[in-house]
Amino acid sequence: MITAPLLEVGVLVLGMVILMFEAFATKIDKRILAFAAIAGLAIVLVATFFVAPVPSPNQATGFWNFYTVDRLSVFFKQFALLTTILVLIMMIDYAPAVRSSFPGAHDGLGEFFTVPIFTCAGLMYLVSAIDFIFIFVSLELVTISFYVLVSFTRKNPVTLEAGVKYLVLSALSTAFLVYGIAWIFGVTGQTNLQRITEALATPSTDQSATLLGMVLVLVALGFKIAAVPFQIWVPDVYQGAPTPVTAYLSVGSKAAGFVVLLRVLRPFATLPQMQRLLVLIALLTLIYGNLAALPQGNLKRLLAYSSIAHTGYLLIGVVCLDSNAVVFYLVAYLLMTHLSFAVLVIVAQQTGEQIADFDGLAKRSPFLAFAMLIGMVSLAGVPFTAGFLGKFFIFYAAILQRQIALVVIGVITVGCGFYYYLKVVRAMYWQPAAKIDNISVSTLSRIAIGALIAATIWLGVYPQPILDALKR
Amino acid sequence: MVLFVIFCPIVAAILIMIGAPARKMAVAASVLTLGATLLLLASFSPEQHDFQEVTSFPISSEWHLSFTTGIDGLSLALVLLAAIVTVAAVWFAGKIDKYQNAFYACLLFISGGAIGAFASLDLFFFYAFHELALIPTFLLIGIWGGGNRVAAAWKITIYLAIGSFILLLGLILLYQSVPTASRSFDIRALKAAASLGQISGDAQRHIYLLLLIGFGILTSLFPFHTWAPEAYAAAPAPAAMLHAGILKKFGLYGLLRLAIPLLPEGARHWTNLLVLLLLGNIIYVGLVTIAQKRLDWMLGYSSVMHIGYIFLGIASASILGVTGAVVLMFAHGLSIALLFALAGELRKRTGTLVFEELGGLAKVMPFAGLAFGLGAFAAIGLPGFANFAGEIMIFFGAFKNGWEIGRFHIFQIATVLALWGMVISTVYMLRAYRKVFMGALNERWTGLVDLRSALRVPVTLLVGALLCYGFFPQSFVRMTTPAFRTYLTANK
Amino acid sequence: MPPFLFWLFASLMLVFGAAVVLNRNPVASALSLVVSFLGLAALFMSLDAYFVGIIQVLVYAGAVMVLFLFIIMLLNLRAEEGRRINWLAATGGIVVALILVIQIFSVIGHFQAARQTFPSLERSTTDDVWNIGALLFSNYNLPFQIVGVLVLVATIGVVLLSKREPR
Amino acid sequence: MITLGDYLIVSGILFAIGFAGVMLRRNLIIILMSLELMLNAANLSLVAFSRFRVSPAGLPNYNAQVFVFFIITVAAAEVAVGLAILVALFRARQTTDVKDISELKF
């Protein structure tokens, strides 16, 4: 058995070692670093299954004021590690695009593989954070490393513009977060979530000031999870960023945002205005994300809008305060999003990232087409895929809470979803190919994609392992 | 045995996708499935009221979710229908120009999904298997369809996706409507809870409406029927056979399996609405059918129209009417599959299905003409075909409905109007037969040849089944009636 | 601190803060920012937060400002010529900002504690820096170290992004 | 006497000024400066609250001041990365105006 904080320490040490090695071993093929990082993260991933229990937050002191190890956090540490590993695998495929941005043959590549390790550590801290100061610090570690990653291919103006937009809007959300935390601290005199809950329970606490603080924090988290009306950065940044980074943003950053949201909302759930506000945001997000996705012709942009749409479904779960449904949805979302992006990275380098570039993919590479098919039908929510069960649990929670408006809009937007996801399927299977050439897929990617397909279907048929992992 | 029947097509489909020889594998699998179904039929004991051949694999204890399969007379009837139509459809498919393996795999997926839905005793898998069957339908229409295939595929996709998610909402509500202690996805457990009166009247009314809309969209209940003719006109013949023949029966099966036994109060409450809608199916769509100028569209509309009769039987909630509905589901599945198969074959040979361009084909294709004639007679409901038995039972059952509503109620009016529907269907079927097979033979078609002997096998199979149950409906009735006896008598 | 000093520094800070936003010339904006932050530092001092006030002067006047000016000079940015303003965006921005201010004001108006003056302090045996330092290295050790990693990542990023191409 | 509310009002106005700057200005450098204004408005509130929520020992609540310290650090790092991206962008495009960056449509 090991104590949980060692996991993050392990990840950080891994990052430093690889950074050092990168600096001094100049002659090697830098992709070796990625393999080392994947191996190291895999070891940490295994170690997460042997985490010892810790004191409960009620009697916490010192270190444990900031850091908790509950089921949710351990689960999301595994989630973060898995996401990072998958992103690193995609990054290896993406290496040529990075190489062309730097003068030397291997300049920049080492850092490209190292920064995600630090992001991963940030994510792992974030999901354990139960104190606003700690949430702020680890969230900023994640955000700043994303600034670097998003604008990494620095010769491409589109990428840099994406970087600028991401930076400005993230910094704006940080300002809101900090100001909100200041208000919550001012009202309660505490930054620890548990203590805030206790302070809010006393009737003398000022309701409207608390609400102001919480709304400001909500605005900030709304930016992170891409909820309407704070989604304006998403399409541009997703389209402009290097594709593996887009996948990382849409899965890792969003999942962390939701974990924080779930944790932060809990003390404030007693305020009725809070729920009305969340319902409104969820409705707007569902409608905007799905409608805006309909006319898209660029697959990366389509996935950006679809990521907004999925935020909407996740928010339904948040409104119902059903963390299990949210978590299951996030797991499903991880699998299917990574699946689509893994195929996108490979195909985009051959032809392009428009949906039209996928024409006839079934002929050019049946394997990739099948993987994309599974990814798309799962995103759309077809039974026997993880995506369906995710929606099922979400709708289940919503019906149980009698959130009629959310359910009705949810069902209608699912119909829209079918339309735009199957547009990709149509391109792959129904359209003739523009050029006939076989696309080669590296063994590692093949294994990763195969595993993702298997997991998507497996969880769609047999969800019990995840449900068990959350319950214990 | 039930598991074998479900998974035989699915496993075969997977094998075909991996690379097994498509046609041989598909025919072998469908024949095996039919054989196994006949064995099931032989070993089925109609006296027993409960489900038989039950097998169960727990999935999630927390949700009381398990993969449970089993059959009673109702499901067995539909599984039998599915097995027969699958053999016919696969046999009819022949050689496919592009992606042959995928085509056969899709067909088998539809079949396996439909059988799985009919044989599942678990709400979740009941729903999921149906969805599994829907997706290949979209693909079949989109990839291999003719005419305006892309538009048709989109329409059916959006329509049915929304329909099935409405259905999903209804099912979730149903699951949540019983007290927490007895919550289960198992249909038998839900039935037990319902018989204890644990589902409140209010909840029943809401859930029934949702289920009616959801199943109604899937089953092309008026006014949600507009997707059907377009999709069938565009679909390749085997896909139209499977969807119109089997998959569309899923919605009706769902109403019989869930809505009536679990939600009697809801069914009673919405009876008037349902009767009005089904009259829309019979009269309005019937008149629209007469106006059609193409054979495939006409067949599509006629299948929508005949669904109205089945809804009438279900609405009547009397044992006679409901049993008639099952018989008609079975018979209609066979006859519409037969007609779509022949229409598809005609399209393949002539390239057109416009009435004006066809005519006199019986001279060059006597066997096809005979088969089409028999199919048309069956669809009209002439004595000697299973359809007749079903329609007669429905009319009697509806006239003296299970709600025991007195004379000159909407039911009696509906029955009389539905009888006029028979006249409508006679008009359009005979008109179609005359336009296509009678009259002067167009010069262009003198070179046509009749169906090859290989293609006569599925036709004979379908016609044989129709005639068999047309002359001996009693064996069928004995099999299905016990499934309803428990709760429909309780209604009175 | 006497009230008039508070209002002096506060208005200094706000006026020059507004000047940052309103100035066309980036250099003027940067210099206004310094003045504004000096006013802010004075306000910190008035709240007995000497350490934070000094950090504010050191970091902003010393480091951040030099960075801003350096970049402005390096990129040779000049004042914007009279660019047409996108009136729609401008009104939207002003309206949202106004709503924000009104919200904050109304909350402060209802906030009981806002009407109270500050309680008096005991004399501490140790000074400000010692107290914050003790907290930083004991209780807040973990966030402190994460901030260290954050700065490392930021450094990597800055070096990579602004690395020169060999001609 | 000066109340807590006075400080909060001043900080609120500063926050709004910064926000307006981010929304109105098109020059990236000035947007970055406005963001600094917003962060420092939050700092002012925090320090005021820290002085107001006196600990049992009669000292200011130093937790908030530690937080302010972190915010200043993070803000500096943010500015550094932002300016680095700006330099890279300037090399690629010769502009720092957000409006000129319109290859990606909103």
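Letters are used for the chains, namely A, B, C and D, taken in the order the chains are written, and counting of residues starts over at 1 for each.
By definition in this document, contacts are C-beta pairs under 8 Å (C-beta built on N, C-alpha and C of every residue); 3 or more make two chains touch, one makes a residue touch a chain.
Just so you know, these numbers come straight off a predicted model, no measurement behind them.
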Pair joined by more contacting C-beta pairs (C-D or A-B): C-D
Longest centre-to-centre distance from chain D, chain (CA-based): B
Chain centroid nearest the full-protein CA centroid: A
Whole-Å gap between the CA centroids of chain B and chain C: 70
Interchain centroid distance [CA atoms averaged], chain C/chain D, Å: 5
Whole-Å separation of chain centres (CA-atom averages), chain A against chain B: 43
Intercentroid distance (Cα basis), chain C paired with chain A, Å: 31
Shared interface positions of chain C, touching two or more other chains: 104, 111, 113, 140, 143, 147, 150, 154, 157, 161
Two or more partner chains touched - positions in chain B: none
Junction residues of chain A - those touching two or more other chains: 133, 137, 140, 144, 147-148, 151, 154, 186
Those chain pairs that satisfy the touch definition: A-B, A-C, A-D, C-D
In the complex, chain A residues that touch chain C: 12, 19, 62-63, 65-67, 102-103, 107-108, 111, 114-115, 118, 121-122, 125, 133-134, 137-138, 140-141, 144-145, 147-148, 151-152, 154, 186-187, 206, 208-209, 212
Touching residues (chain side chain B, partner chain A) in the complex: 59-60, 62-63, 99, 127-129, 131-132, 135, 138-139, 142-143, 150, 154, 157-158, 161-162, 165-166, 168-169, 172-173, 175-176
Chain D partner contacts - residues on chain C that touch it in the complex: 1, 3, 6, 10, 13-14, 17-18, 20-21, 23, 26, 29-30, 33, 36-37, 40, 43-44, 47-49, 51-52, 55-56, 59-60, 63-64, 67-68, 71-72, 74-75, 77, 80, 83, 85-86, 89-90, 92-94, 96-98, 100-101, 104-105, 108, 111, 113-122, 124, 131-132, 135-136, 140, 143-144, 147, 150-151, 154-155, 157-158, 161-162
Chain D - residues contacting chain C, complex: 1-10, 12-27, 29-30, 32-34, 36-37, 40, 43-44, 47-48, 50-52, 54, 57-60, 62-63, 65-66, 68-70, 72-81, 83-88, 90, 96-97, 99
List of chain A residues in touch with chain B within their complex: 362, 377, 380-384, 388, 392, 395-396, 399-400, 407, 411-412, 414-415, 418-419, 422, 426, 429-430, 462-464, 467, 471
